[in-house]
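The following block contains the structure, expressed as structure tokens.
Going in written order, the chains are labelled A, B, C and D, and every chain counts its residues from 1.
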Amino acid sequence: MRQHHGRDLALAAIIGLLVLAIGLRAPIFLTLRTALDVVNDSGILVLLVMGQMLVLLTRGVDLSVASTLALTGMLCAQAGRAWPELGVVSLMGLAAAIGATLGAFNGLLITRFQLPAIVVTLGTMSAYRGAIFLVSGGAWVNEQHIHPAIKALPRAEWLGGPALGWIALAAALATAGLLRWRREGRDLYAYGGNPSAAQVVGIPVQRRLFMAYTLSGLLAGVGGLLWVGRYAIAFTELATGYELTVIAACVIGGVSIAGGVGTVTGAVLGVAFIGVVNGALPVIQVSPFWQQAIAGAVILTSVALNARSGRQHRRQILAPQGATAATVPPTAAASTAPSQGAPA
Amino acid sequence: ADKIALVVKSLGIGFFDAAHQGALEAAKELKDVEIIYTGPAKATAEGQIEVINSLIAQGVKAIIVSANDPDALVPVTKKAMQRGIKVISFDSGIRADGRLMHLAPSNNAMIGSKLVAMAREVAPKGGEIAVLSATAQATNQNTWIAEMKKVLATAGYADLKLVSVVYGDDQTDKSYREAQGLFKSHPNLRAIVAPTTVGVAAAAKAVQDEKKVGQIFVTGLGLPSEMAGHVRNGAVKSFAIWNPIDLGYSAVYAAHQFVKGTAKGNAGETLSLGRVGKVTLDAGKEAAMAEPFTYNESNVDRFAKIF
Amino acid sequence: MNAFGSWERVLLLLVIAVYAGFGLGIEGFASPWALADSTTNFSEKGLLALAMALLIIAGEIDLSVAATMALCSLAMGLAHQAGAGLPGLCAAAVLTGLACGALNGWLVTRLGLPSIVVTIGTLSLYRGLALVVLGDQAITGYPEALSALGNGTLADWTGIEGLILPNEFLVWALAAVATGVWLHGTLYGRRLYALGLNPIAARFTGIAVQRYRMGLFLFAGLMAALAAVLLTGRIGSTRPNLALGWELDAITMVILGGVAIEGGRGSIAGTCLAAVLLGGFTFALGMLNVPGIVMSMVVGGLLVGAMVLPRLGALRKPLPLRAVLTQGRFR
Amino acid sequence: MNASPSSAPAPLLQLRGVHKRFGPTHALRGVDLTLHAGQVLALIGENGAGKSTLVKTLTGVHAPDEGSLLLDGVTLRLRRARDATVAGIVAVHQETVMFEALTAAENIFIGRQPLAWGGRVDWARMNREAQAALDQVGAGFAATTRVAELSLAQRHLIEIARALSQQARVVILDEPTAALSQQEIRDFYGIVRGLKARGVAVLFITHKFDEIFAVCDDYLVLRDGASVGGGRVAEATEPELVRLMAGRAIEQVYPAVPAQRGPVVLQVEGLSHPTEFQDVAFELRQGEILGFYGLVGAGRSEAMLALMGLNPGASGHIRLDGRPLPVRQPADAITAGLVLVPEERQRQGAVLGLSVRHNLTLAGLAGLCRGPWLSRTRESAFAQGLIDRLRVKTASQDTPLSGLSGGNQQKVVIGKWLGLNPRVVILDEPTKGIDVGAKQAVYELIADLVAQGLSVILVSSELPEVMNLAHRVVVMRRGRLVAEFPREGLEAEAVVAAASGLQAPPLRRAA
């Protein structure tokens, strides 16, 4: 874990420098307003990244998050339109339940049938997306039909801070707590580090995997409700391709695709990095055509740096430098101390 | 009944759904017409080609398409025409050699000047305006932006300054972020012109969330049903759109005349479009319908119920 | 490792069932014209799938293939603007494809990065570069020769009327046979399986692991270039969003074809059958006017179903298909 | 056929008629076993006899197809690994079961961490208790150390500490000493005796006879999945055990090695690596076996990898038949006739998912092809030849290698090189974890090879092996060659002393 601190600090420093550099070009970027925008913009991403991180820790991947988000968002928007009397709590509960169900379905396929996660979620990514079209008939749910409670939620201010920020913080803290203080969380690290060993020491592997996918779905579902509220619209193509952003944030944040490695701090920093870059590009008026290329370059650089820092140090078999001088080298010892007697 | 296919950029877009309504209306009037409403999963030319291939195999009588790429569809629509299928484009056109006619919802110059006029309405004393477009490749968007620039260059608009063109890729979150970016980089911004339905809604939402209602106005092309809320809360004073129902309706009428052989697709030819009236093909075998219709507080709620 | 195992047999039955079923059920599906057209639904994607199959068998993956196609097409566009003819266009595409593959390969072999992460990055990068260069423009007006290549059929150059198989299909079929023979008939192919199953042991056995990996990424670049030439010829236009999302279609073909995502198992025959199956199936759904998004939903379900079904059989007591299915590659 | 201890009333653990099949393999055929409190029972048998499978059924990893398990005379059904732990049956498995990214303490308590209020993991208590368990097994490192930083032997200690800390009533040790040094093994005996004294029943699986005689009370022999004999260790002799295991008598474990040696084949000079070894230099003659002895972690394996071009960062000069041999990658060495049977069989040597045939032909594939084309007939003939020659126990050539027992896997891994007719074979711990019968086969193979004029480098941590086979023995310690002994007059004490650095004997070059 100690190595990770170094990595997180480096990433935080890079983000800091980036903010300063952007601020030099466009001072408006250094305002509180911008900070709030970045927080608001990153809030939903944090939710999804937390879920994805749990899954990545188990050597899996959840490609269906964006579709889960959109399907849940659409269903909640429709529920809100159909039953205006629903309150924010029940809507939130509904979103969590729908998301968790979709995630659990992934988990079921993966654990019950022992299928590779990447294939299962690739399939459900299309399937959930298609389901949105089926339930909505391709029609949009427009601003005036979005339930006011849904719309109000992402814009609310709690304790003087943006609600999205608080929700993201809560999700991050809950995930951190799970990973640090609960057996279930520790088991995820163990399973990701060595799946067969986890089986042998008696970790209920299937249940843990199921949990990871269910939580990923649940968080994506809540994210869907917030997304629909924030942009006040729901339609089939909502958040297409967002799963790549989610995975990119994890990767930049040092969560290993190979499983077993990653911290909440790192992942949140990964989100912050993406948030800053996304927020800055329009402000410093980089040609919009450059944005995607820059995103790709950032991902590549960060994984390359990751690999560099994470490379296993090899063991030191030879006595370390200083020590060699103290112990007489064997050849020298042999020539200076023949009296110790030859074998035989 | 003759099968006439309406191929749209991708399914799930309110504008095209409304056009579908109009098409159905026309089919009902024409009696012996059956409408197939279809489109690819993603708004790409490759997807539309697959769709058109299967329409050819079905033996439809006519294909009406809104193209994701004016050139890419030409080979396949040529193939369709060789096999006796009448192909016309509507909304977003195909290159002239790949279709019999193009029915433009409105003419590009009209749209350009309409957009500028609406911007002028919220910035009577001049000021900075910006454009929030869809994807950088969208042909119609780019044509309209070019037309806007032409109008802005004329004498009466010297005080309206187009400071930026940004692209929201027809994604809600990106459009929203681009709008926020505009607020920051152009503190004196007066209006955002978004000639795309996703963009105009997202920008209006951003204005509202950033509490800039009354300071920055959003205008552009949008559907009444999608924009009604934003007009009510003041982020949008007015916006425009041609009538998609009429567009779909007219396209089917036009296609039907090709199927019946009464239209040939020669320059100067006049086609009758049922209740909408008549259009005449210009040299490029294009026909434009009317100027876009403007919606504001006074009429938006009425139309929101329709499309 | 088997070139034609039990899963391939199941696929073959499914292909026959789909074509026979829809041929009888949908008027016009069985016409030669429709069948020829239906091949365009999978031919270019099938080229990507061939490379993807090799990569996945060897334990790698390339998500950037479709983005590479966009970049190849862009290179063709630039070459065209510089006045190059057909050979020049092809050369530009191939060089670009190889360059993209080489960058992927370099990042994977030199820096030791997992290919899934690398190619998520290069997917963005390559598409982004196409966007940077093209911006809001499209490149069109390609020479007639290219269009003839992309829209021609066997009849055009053999002169025999009625041979309406599209060039795309022919190129794909040839590439498939060559790849299949290489994978299943030569020692190189065998080594690929060893590499996918245990790269460390493979290296200890003297197999030049990194060279194979690099070669596979180059091959993926080459196939992307080939697909780009054909597609650009077919549609006569280059845009940054060319072939958007095709990498997923290619992966779907490969997985449905019985290649194990964790590497070391699968066949080219399976991949090809899956390509034909998906192509025919989507074409038929298209003729039934099923919306594209629903189609991709069905394909997604098919992908999961194809993997679940054999296991359902294994969990419950004997199902009729069980014997065939459980011996398949999904174990 | 039960091991019956002298004085014990009710058995603690009983297995009755346990059967287990893996597809066509009948791994256990009605095994009976009785274990009493305070008894140390040696479970022995050839590779593939079913020992590890038995352990896995005892610990809930595999469910038996037939038969029952009784604890305190009560039938117990183990559905998962947890159930066994809860019942007090814990195992130290043959493969290390470790989580490298976690600390030693977490590795000991994974899945059963002590909890504080609210179900929180109680880290402080966990670290404390883990430290106590580690101290008990004499591990000299902190419980908060990450496993990635620990050596193989230290990892084994963690596993043992894990078993100890579970308040186990039955402890199963599946070849626990395979990776331990001499000193650590002696400490380990102390631990086993401590368990026995506390009334814990111990099931001890090993291929080393000295261990059986050192710590076990009784023995039970498995052959082909069935128990074929048992009794008190005190009354048994080594040849008897061997006969029971193999079903035949094995008189001579170590074959006679021809004494004559030819000219120098391989010359290594100044082989160095920044952190791992320095100035390794030796010569190898034709028909010679050169023993490389040292304690685990001495750097022998690393040096051998460097010879094969598998250790980036290493430098040095290699000459084969007097000509410089630039080795940049394994293929260079292999084409020149230098091959390596690596230490970590499963990770480095075997392609478990590939069939036996394809593993055997993997290295020599080019020679079995017509041009680039594979030839099925040549391949299977070649594979069958090796299977017969090495007596590989496999259902068929098409069985995946994962379906073979450890020893048979090792035979396949060695076998794949033989078709290449190499000049020099490096064997790194070739008999790690394989039974006497298989060991003897490997030794005979080695003798065979040198008789045919090949040269062998035998890296081994088993002193008897090195002493009985090698023409010369070199000793490595902490990355350096520290001594060299000719075969005649070789003394175990001197070799061990050199390896452990107790004294520094003079470096003698045997001509």
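Methods note: a contact is a pair of C-beta atoms (placed from the backbone, for glycine too) under 8 Å apart; a residue touches a chain by one contact, two chains touch by 3 or more.
Since we're looking at a predicted model, the values are computed, not measured.
If you take subunit A and subunit B together, the chains in touch with both are C.
Just to note, of A-D and C-D, the chains joined by more C-beta pairs in contact are A-D. Rounded to whole angstrom units, the spacing between the C-alpha centres of subunit A and subunit D is 41. Separating the CA-averaged centres of subunit B and subunit D is a span of 73 Å.
Centre-to-centre separation between subunit C and subunit D, using Cα means, comes to 45 Å. Distance from the subunit A centre to the subunit C centre is 30 Å, each centre being the mean of its Cα atoms.
In subunit C, the residues that touch at least two other chains are 131, 134-135, 291, 293, 296. The residues of subunit A that reach two or more other chains are 133, 138, 236, 289, listed in rising order. The multi-chain contact residues of subunit D, meaning those touching 2 or more other chains, do not exist; every residue touches at most one other chain. Screening every pair of chains for touch gives A-B, A-C, A-D, B-C, C-D.
Within the complex formed with subunit B, the residues of subunit C that make contact are 27-29, 31, 33-34, 37-38, 40-41, 131, 134-138, 140, 147, 150-151, 231, 234-237, 239-245, 282-284, 286-287, 289, 291-293, 295-296. By the touch criterion stated above, subunit A contacts subunit C in their complex at residues 109, 113-116, 118-120, 122-127, 129-131, 133-134, 138, 236, 244, 247-248, 251, 257-258, 287, 289-297, 299-300, 303-304, 307-308, 311.
Contact residues on subunit C toward subunit D in their complex (touch as defined above): 1, 185-188, 190-191, 193-194, 197-198, 200-208, 264-265.
Those residues of subunit C that touch subunit A in the complex are listed here as 107, 111-114, 116-118, 120-129, 131-132, 134-135, 248, 251-252, 255, 260-262, 291, 293-294, 296-304, 307-308, 311-312. Residues 1, 180-183, 186-187, 189-190, 193-194, 196-204, 260-261, 312, 314-319, 328-331, 333-335, 337-338, 340-344 of subunit A touch subunit D in their complex.
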